[in-house]
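First subunit A sits with subunit B, and in the next complex the same chain sits with subunit C.
== the complex of A and B ==
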């Protein structure tokens, strides 16, 4: 029989999970090129909600964990194919020529569409994990130190118990239709910005009316086969691999960054007074769950 | 049956673990278990037991012995004379209900009752016994004249050398455990119900010695070995969490908290969410 047993009810375990979940923050920026276009992103996110269930097979199931995108800035850049809009006459001269006309206009060149998707909420549908106890020797600890010297130097050995995910299932980032509409508006605005600034407003309106199909051209450039929302979802989730990045970050967080339980080894039990603290070595630490509780066992060394 | 059927946090320590903990405490705090006058502490030839202690004790300048004043020789004051002595704990062992590690003297009921623990101690001690020649060499101080010295300085005590005569006693105690708030911290502390010294005669001497030992152990446990409740949970993360308050589980649903049963010391804690 183990010398030491500590158990936490499922309810208490949920509170510990909340602590660990709230400790998760993640930020990253990156860019990539995908043939005719490139994309860059900057993101920061945290986790909220989530249900926890302990199972008799030793697994911990976390479901419906919200990923809150505090920052999600996406920029899509591409070269708009160049072409010339032939000049035409708006007010002809009844005797000869043209009183008011539009000259040949060449448009084309690089366009960047910035999208601010901050505030979106997506979901990690399931994390299945087991508890794992790890013994961690502080890398800064000198080999000649006793346990007490290591403690006084702030580099004690630690027992840490982690929720070690076996898999993390991240749902696609659901892009609302409003974002698709916004994207198309921004594309139109970017193309309008390509027109010479000297053109009067009415002329720009006229030209943009003529150029309405140009959005379709842009969609062709970006390989938007279906809706813009699906394109953005695919871009974020698969092409830029944000789903994989979240999966890895969440798995790392639970498996190796923030333990659900940690303590010094040897563990100080009597610390009052002028004498050195009494420290008790703990060995063979194990952590497991049943459907009712988390159980940690260990021996006194 | 789950450990937390009636609580949110549960901790238990098996008696084998408790005895290892006792051994660690004795080796890391030897001065809590070895007492001697300065002359005895400084001369290992005079020790009744060689204390086992960790290298950190000396490395960090901790004492091996708690120093005590010399034992006064009664009726002797010109000059006062003191004898060196030591008292040392040679062994300590705990047995939690039901009895499994050692038997108890009949006076303590042979076997443990429910919710009780037994402590077996081997206490060794000795007094330096001066030979007659040494005593003859101690000069007798002339009497003082109170008319010439208004407030005479008390004469200094003279410690006398001598060979150490050691003895050992086997002491058994039966105790229960209780929660007690000491210095604002909820702690688990053992309460002594009875003490028995083996093979001491006459009965009156035995009773007097048992009274002294019971008093010493009782106070010692309260002052030195009252373990904070949270220590049993080894820094469990909910302790200190602002949104959760933790308190010992009451009766009902837990009849004994802490409990001594199945060779274990158990504590139960209930969690309340703070709005």
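== the complex of A and C ==
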């Protein structure tokens, strides 16, 4: 039987969880190239909401945890296939197309589409975890220090209890249809912006008329198979692997960054008075849950 | 974001002259008789470059594509900025039953071509692109909407040409098939030519011809993009 037992109700556990959740912030920027196009992003996010349920099998279930994208700036760049003034055939070849022809005139160049998706909210549908007590020696503590010297130096050893996720299920980032429309508008604008201001009006009119509808351009260049929204969702979630990045960051946060509770070891039991504090060593700390509460047990000595 | 690098000559030149080829014009000549030919590319009276055309019955080439701009004014290469075409680049070959296409891929242009046998014989005809005849072809591509005058300066033939305005942006406009015009002693057939922008115009010259197309009045249309729907 354990020497020490500490319990917290499910309600108290929820409040502790809220503090841990609120401690999560994440920011990152990166870029990658995917054949015909490249993409870069800059993001910052935090977590909100979420329900917590403790189970008799020792698991903690967190559901419907919102991922709030405070910043999500995406930039997609691709080589615009360009304006093509078509050529024509002067002397047809009776057997094989054209014998003598005037070639097409191609005018193309790279364009970049900046997309501000800040404010989007996606969801972590489920986190299944167990509690894990971990003994942590402060990396700043010198090997020759006694426990007392470590305490005076503010670097005592700690028992820390973490929510250790077994899996984190992140839902795809749902891109609203309005973003697809906005993307197409921005592509149109970017194409128009490519044309030098010195170009006469009739030339701009002709070049713009030669273009197919922008959605077809985008689908052709970016290999979009369905809608632009789906393309952006796939780009963010899979190609740029933001879902995996969030999964890792959230798991890392709960499993090793922010504990739900921590104890000094040795644990101070008498700290008032003129003498040095009285402390007892804690051993074999374990954390578990039932459907009613969280229970931490340990031995003294 | 950087702007597109568009050859300003593409849209600055609204007139065309078969005797002074620019980016929107080309000439097609059928050499016919086998032999080694020496060609000169001229701008006005000045010879800009010499090239050689081998009209060889064994040549598999049905159409020799001779880019006058690339020969006369080639792009700089490498650090040395050397711009002269190599010997290989000035030699072309074509089958006697094939064609030589003289065109201008960029730049200001204004070129004519003179082609004669390297070992000249008096009975060998000389090809001079300022004087087209015998089914030689001048092709033109007109981009600017408006009304044009077409003239054969070696005769009195005249024709009226109009170019319509382009349709709306992103309409996937493709110019119709090129329009063919025959040039005879009697004039142009047809005499009234209606084109869509960038539609090809092919003059087949059956009488001594130098075709000149001049802008008479540009169709600026309403402000902004064109709105026609002709395809």
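Assume the second predicted complex is superposed on the first by the 260 of 301 C-alpha atoms of A that agree within 3 Å, B and C clash if a C-alpha of one lies under 4 Å from a C-alpha of the other, contacts with A are read in each partner's own complex, and residues count from 1 in each chain.
Definition applied: a contact is a pair of C-beta atoms (placed from the backbone, for glycine too) under 8 Å apart; a residue touches a chain by one contact, two chains touch by 3 or more.
Source: prediction; values computed, not measured.
In the superposition on chain A, A:299 makes contact with subunit B only, while subunit C stays out of contact range.
When the two complexes are overlaid on their common chain A, residue A:176 makes contact with neither subunit B nor subunit C.
Once chain A of one complex is fitted onto chain A of the other, the partner contacts of A:36 are absent, as it touches neither subunit B nor subunit C.
By the touch criterion defined above, A:270 lies against subunit B but remains apart from subunit C after alignment on the C-alpha atoms of chain A. When the two complexes are overlaid on their common chain A, residue A:280 makes contact with subunit B while staying clear of subunit C. After overlaying the two complexes on the shared chain, residue contacts for A:200 are found with subunit C alone; subunit B is out of touch. Look at A:16: by the touch rule set out above, it reaches subunit B but stays clear of subunit C.
Of the two partner chains placed around the shared chain by superposition, neither subunit B nor subunit C is touched by A:58. Common to the subunit B and subunit C interfaces on subunit A is no residue. Only residues 83, 85-91, 93, 99-100, 102, 105, 107-112, 188, 190, 193-206, 208-214, 216 of subunit A touch subunit C when the two sit together in their complex. Those residues of subunit C that touch subunit A in the shared complex are 1-6, 8, 10-11, 26, 28, 62-63, 98-99, 101, 103, 137, 139, 141, 143-145, 165-175, 177-178, 197-200, 202, 218, 220-221, 225-226. Interface residues of subunit B facing subunit A in the complex, by the touch rule stated above, are 2-5, 7-14, 16-17, 20-21, 24-25, 28-29, 31, 55-57, 59-60, 62, 227, 231-238, 241, 243-244, 264, 271, 273. Interface residues of subunit A, counted against subunit B in their complex, comprise 1-9, 11-12, 15-16, 19, 146, 148-149, 260-264, 267, 269-270, 275-276, 278-282, 290, 292-293, 295, 299-301.
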